[in-house]
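Look at the two complexes coming up: subunit A is in both, with subunit B in one and subunit C in the other.
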Partner chain A sequence: MVLAISLREAGVDPRLLVQSDAVGNAARFVRGMFPPALGVDFLGLLVRPVIETIQISLMGTTIAVVIGFPLGLLATASLMWRGALHERTPVARRALLGGVPYGLARALLSVFRAIPEYVWAFMFVRAVGLGPFPAVLALGVAYGGMLGKVYSEILEGVDSRPIEALRAAGASRAAIVLYGLVPSALPHLVSYTLYRWECAIRAAAILGFVGAGGIGQQLALSMRMFQFDEVLTELAVLFALVAAVDFVSGRIRGRLV
Partner chain B sequence: MYALSDVRKVFGNDAPALDGVSLTVGRGEHVAFIGPSGAGKTTLFRLLNLTLRPTAGVLLIDGVDVAALDGAGLRRARRRIGTIYQQHNLVGRLRVVHNVLAGNLGRWSLSTAVASLMRPRAADAARALEQVGIPEKLWARTDELSGGQQQRVAIARVLLQDPDVILADEPVSSVDPSLALTIVTLLRDLSHQSRKTLLVNLHSVELALGYFPRIVGVREGRIAFDLAPDEVTPELLGALYAGHSDATRQLDRIHDGIGSYGTACRPLPGFSK
Partner chain C sequence: MSDTRATAGVGGAHWAWWTVAGFAALVAWSAHGTRVDVGALLGAEGLGQMTAYVAGLFPPDVSPPTLRDAALGAFETFAISFVGSVLAVGLGFSLALVASRTVLYRGILYAGERLAPAGRAGRIGIYALARGSLNALRTIPEILWALIFVFIVGLGPFAGVLALGVHTAGVLGKLFAEVIEDIDPRPIEALQATGASRLAIIVYGILPQAAPQFLSYALYRWEVNIRAAAVMGFVGAGGLGQRIHVAISLFHEHQLLTLLLAIYVIVTVVDALSAYLRARLL
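What follows is the complex of A and B.
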C-alpha cells in the first residue's frame, strides 16, 4: 500500500529511461567519458583538490567530535537524570540540572543533523566566503549532530552496574564519565567516529558543488563544461579515495572491537 | 553506625520491597543477612549504601539523618561506605590497577583522577592486591580475570577506598564453594584488622552461621529474626525459606551434616551431625 502510493507519487516511470532521447543523452554522456582524461597536466591539477578533500574530511570530523561529544554527554539520560545514579536526587534538582540541559542538548543535536550538510555549506559559504573552510564548518555541524546522537545512545547502553558502584563509592559525575562510561564505550565511540569519517570523505566531495573546494569543485567544473573524460577520471579518483579511507578505518576498527 | 527505624521502600506501584524494617548496627560489628532470593536483601543494601532513598522511615548513619544529604555531603557520606557486589561491578576494559585505584575517586579531584589514568600510583594498588592475594594481576585487563579474581579486585578497590563500613551483597554467589569460603574469610579478616563494620548478604546459610556472630533473617521485605547463630534453630530457618525449594535442599544438607565447606565450618547448633 505504502509502496504503491510511493511508486506513483515519486513519479517512478521506467519508460522514461528507454525513451529515445534519454538513451541518446546517456550514450553521449558515456561516450564522452572515453578515453578518460589522463594528461599529466590534468592529473597534476587534481593533486591539490584530493589533498584538500582529505583535509576537509579530517578537520570536519574533528570539529564534529568537539561538538558531538559534550552534547552527546548532555543528551545521555542515564547520566543526566534517569536511573540509579539519580535515585536520591530531589525531583526539582533533577529536572533543573539534569532534564533542562538534557532537553536543550537533544534539541540542538536534532537541529544540527536535520539540516543537510549541503545546506549548511551553502549558508557557511555566504558567511565566510568560498573555499574549504565553509565545507569544514558544514561537516562539523551536521556530523556533530549525528555523532552526538549516536554517542548518547552508545553511552546509554553501557552496563550501569560499574557506574552504580563508582557512584556508591562517592565518585563525582565527571569521574564516573572518565572511569566508567568512556572506557566501557570507547571501542564503539571510536568505531562510529571512523565510520563517520568515511562518510565525510564522500560528503566533502559533494560539498565542492557549492564552491567549497576539494575534488567536488573540480567535478562540478568538469560537468558544467561537458568535459566528461575529466568527469570519469575524477570519479575514479574519488572512488580510490573512498576505498582507501574505508580500508584504513576498517583496519583500525577491526583492531578495536 | 546504622540505625534504621520503620524503613519502607516501594518501587512504583509494586508491593513494598521493604516494610517496617528497624535495625541497629554498631561500629565494628559483623552481621550476615540471609533469606530467600527476592526477600529484599539487595534493596536493603542499596538503601544502606545510599544508592536508594527510603520511601518512608528514618535511616541514620552515626546519628545523621541521611535523607537530608545532597551534593557534596552525600558524596562524603558515600565515601565512608564501601560496597562489594555479586557481579563485581568493575569496568572490564580498564586494567586492574585503574579499577583498584578507582576506590580513591570519592576523595580525588578531577585532575588527580585524570592524571592517575596516565600515570597511576601503582604502588598503592599493588599493596591492596597483595592483601587480597593477587599481586601479579596489577597490569592485567580486568575482563580477562576469572570471577574469583575479579571479586578480589573489587575487594582491593574497597580497601583503597578505606571506608568505615563494608557492605558485601552476595559476594560469593558466583564462585565455587572453596573460593567462597576464602573470600568470606578474607572479608572478615580484613574488616577485623582495620576495625571496619561488615555487613554481608549471603546465599549460603552455612557460611553465615559459621562465620558471623549476628544473623539477620529477611523474608518478604521484613526482618524475620535478628539473633546470634546458636539461637538460629532449624525451625526458624525452615520458616524463613518456606516455599523456596532450592534453599530447603541446602538446609537439608546442613541438617544431615554434609556442608559444602567441609570441616572448616564448626558444627552448627541445633543440627544433628
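What follows is the complex of A and C.
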C-alpha cells in the first residue's frame, strides 16, 4: 500500500519512457556522446578541476575528522556517563557533566549528517562565495556528522578490560582516553575514515553542480550546454579518479585491519 | 603521536612515519589548492557573519501554506526514495544474477558437467557485459542521472525516481553479486546430491541464503537514497530539494529553516524505520 501511494505521489508513469520524444531525447543524448571529446585544449581544461576534486576530498575529510573526533568522544556513552569509568561518580554530577554534553553532541551530529552535503554546499556557496572552499566546508560538516557517530560506536565497542586496568592503576580520564581507548580503536577509526574519503571523492565530484568547484562544475556546464561528448570524457575521468582512490584506500585499509 | 604507535605494530615505524608525513604534506597541498581560509572563517568577521546568518534563519516559518508545502515536499521525497529503491532492487537483482560467475559458468554448479567451450565463452561475455553495465550505472552520480532523466522524461519527481533507481541498481547489483559469489557451498552440495537442476539450486539453495544480506543492503541504500532524494530537486526532479533551491535563491530564510527541519524529520524517520526493520528481519 505504501508502494501504491508512493508510486502515485512520485508521478511514476512508464509511458513517459516510451513516448516518441523521450526515445528521441535519449537517442540524441547517446549519439551526442560519441565520439568523446578528446581535444588537447579540452583535456587541458580538465586537469585543474581533477586536482581540485582530489584536494576538496582530502581537505573535506580532514575537517570532518577535526569536527567528528571531539564530538564523537563526547557522544560516547561509556566515556561520558555509563559503565566502569563512572561507577563511583555521583548521579547528579554524572548527569550534568556527562549526560548534558553527551546529549548536545548527539543532537549536533544528527543535524550535521541529516542535512545532505549538497544542501550544505548550497548554503555555504551563499555564505562564502563560489569555488572549492564551500565544498570543503560542506563535506567537513556533513561527513563530520557521520564520522562522529561511527567513531562513537567504535569507541563504545572497545574491549573494556585494558581501560579498567588503567583505571585501577589510578590513571586520569584523559590518560585513559589517550592510552586505553584511542590506541585499541585506532585501526578501525582510520579504516572508517579512509572509507569516508572514498565517498568524499564521489561527493566532491557532484558538489560542483551548485558551483562549488571541482570536476562537477565542468560536468554541469557541459550537460547544460548539451555538449554530451564532453560529458562522456568527464565521466571517464571521474571513473578513473574514483577507481584510483578506491584502490589506494583499499590497499591502506588492507594493511590496517 | 598515537597514530604512529598503533600503526608501528603493523608495518614498522618507518612506514608509519612516512605515511604521516606524506599525509600532512597532502593536506597542506589541499588546503592551499582549495583556498581554505580558517582564519577568515573563524575570525571575528567570519564568525559574526555566520552567527548572523544562522540567527536570521529563526524563527522557522510555521504559517499553514509553508507547512503544507513542506509536508508535501517531504512526502514526495519519501515517495521518490521508496519507489527509487524498489526499482533499484529489481534492476540490481536481475543484473546481479548475470554478474555472478558462480551462477553463470564456474564453481560448484558447474563442477559435475562441463560447459561446451563456445557456451562458456558466451557466458563469460554476458558476465563481462553485466559487470560493465553495473560499473557504468554506479559511476554516473545520482544527480547527473537526474539531469539526464529530466532531459528525457521532463521535469518532476519521476525523473528523480529513475535517477535513484538506475544509480542504486549499479551499487546494489555489485553488492548482490558479491553476496551470491561468497555463499556457503554446503547446502548447494546437498541439493546437488539430490539431483536438483541448476535453476532449482539457484532458487532453493542460493537465494534463500543471500536474501537477508540483500535486504540489509537494500535498507542501507534506502537510508542513502532518502538523502539523495532530498537533493534531486536542485535539478528539477521534485521533492524537498526543489523547494529548498527556491528558498535559498530567493533568500526566504524562515521558509528555508522549515524545509531543513522537514529534511531532518524525514531522514530521521527513514533511518529509524530502516534500523527497526533490519533488527526485526535479521
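Heads up, the rule we're going with is that the second predicted complex is superposed on the first by the 242 of 257 C-alpha atoms of A that agree within 3 Å, B and C clash if a C-alpha of one lies under 4 Å from a C-alpha of the other, contacts with A are read in each partner's own complex, and residues count from 1 in each chain.
Keep this in mind: contacts are C-beta pairs under 8 Å (C-beta built on N, C-alpha and C of every residue); 3 or more make two chains touch, one makes a residue touch a chain.
Quick caveat, the model's predicted, so the values are computed rather than measured.
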> For the three-chain model obtained by superposing on subunit A, do subunit B and subunit C clash or fit?
Replying inline: fit
> Touching A:178, do we find subunit B (first), subunit C (second), both, or neither?
Replying inline: both
>> With both complexes overlaid on chain A, does A:40 touch subunit B (first), subunit C (second), both or neither?
In response: neither
> Should A:161 be classified as contacting the first partner (subunit B), the second (subunit C), both, or neither?
Replying inline: first
> Is A:239 contacted by the first partner subunit B, the second partner subunit C, both or neither?
Replying inline: second
> In the superposed arrangement, does A:186 touch subunit B (first), subunit C (second), both or neither?
Replying inline: both
>> Which partner chains sit in contact with A:4 here, subunit B, subunit C, both or neither? Use first/second/both/neither.
In response: neither
> Which partner does A:202 contact after superposing on A: first (subunit B), second (subunit C), both, neither?
Replying inline: second
> Looking at subunit A, does subunit C or subunit B touch more of its residues?
Replying inline: C
>> If we overlay the two complexes on their shared chain A, which of subunit B and subunit C does A:90 touch? Say first, second, both or neither.
In response: first
>> Considering the aligned complexes, could you tell me the closest Cα pair distance between subunit B and subunit C in angstrom?
In response: 6
> Intersection of subunit A residues contacting subunit B with those contacting subunit C?
Replying inline: 178, 183, 186-187
>> Quick check on the complex: what are the subunit C residues that touch subunit A?
In response: 2-3, 5-7, 10-11, 19, 26-27, 29-31, 33-37, 41, 49-50, 53, 75-76, 78-80, 82-84, 86, 135, 139-144, 147-148, 151-154, 156-158, 160-162, 227-228, 230-231, 234-235, 238, 241, 244-245, 248, 260, 263-264, 267-268
> What residues of subunit A sit close enough to touch subunit C in their complex?
Replying inline: 2-3, 5-7, 9-13, 16-17, 22, 25-26, 29, 51-52, 54-56, 58-59, 62, 110-111, 114-116, 118-119, 122-123, 126-128, 131-133, 135-137, 178, 182-183, 186-187, 190, 202, 205-206, 209-210, 213, 216, 219-220, 223, 235, 238-239, 242, 252, 255-256
>> Under the definition above, what is the set of subunit A residues touching subunit B in their complex?
In response: 84, 87-90, 93, 161-162, 164-172, 174-175, 178-180, 183-184, 186-187
> Taking the complex as given, what residues does subunit B use to touch subunit A?
Replying inline: 49-53, 70, 74-79, 81-83, 85, 87, 89-94, 98, 102-103, 105-108, 110, 113-114, 117, 154, 157-158, 161
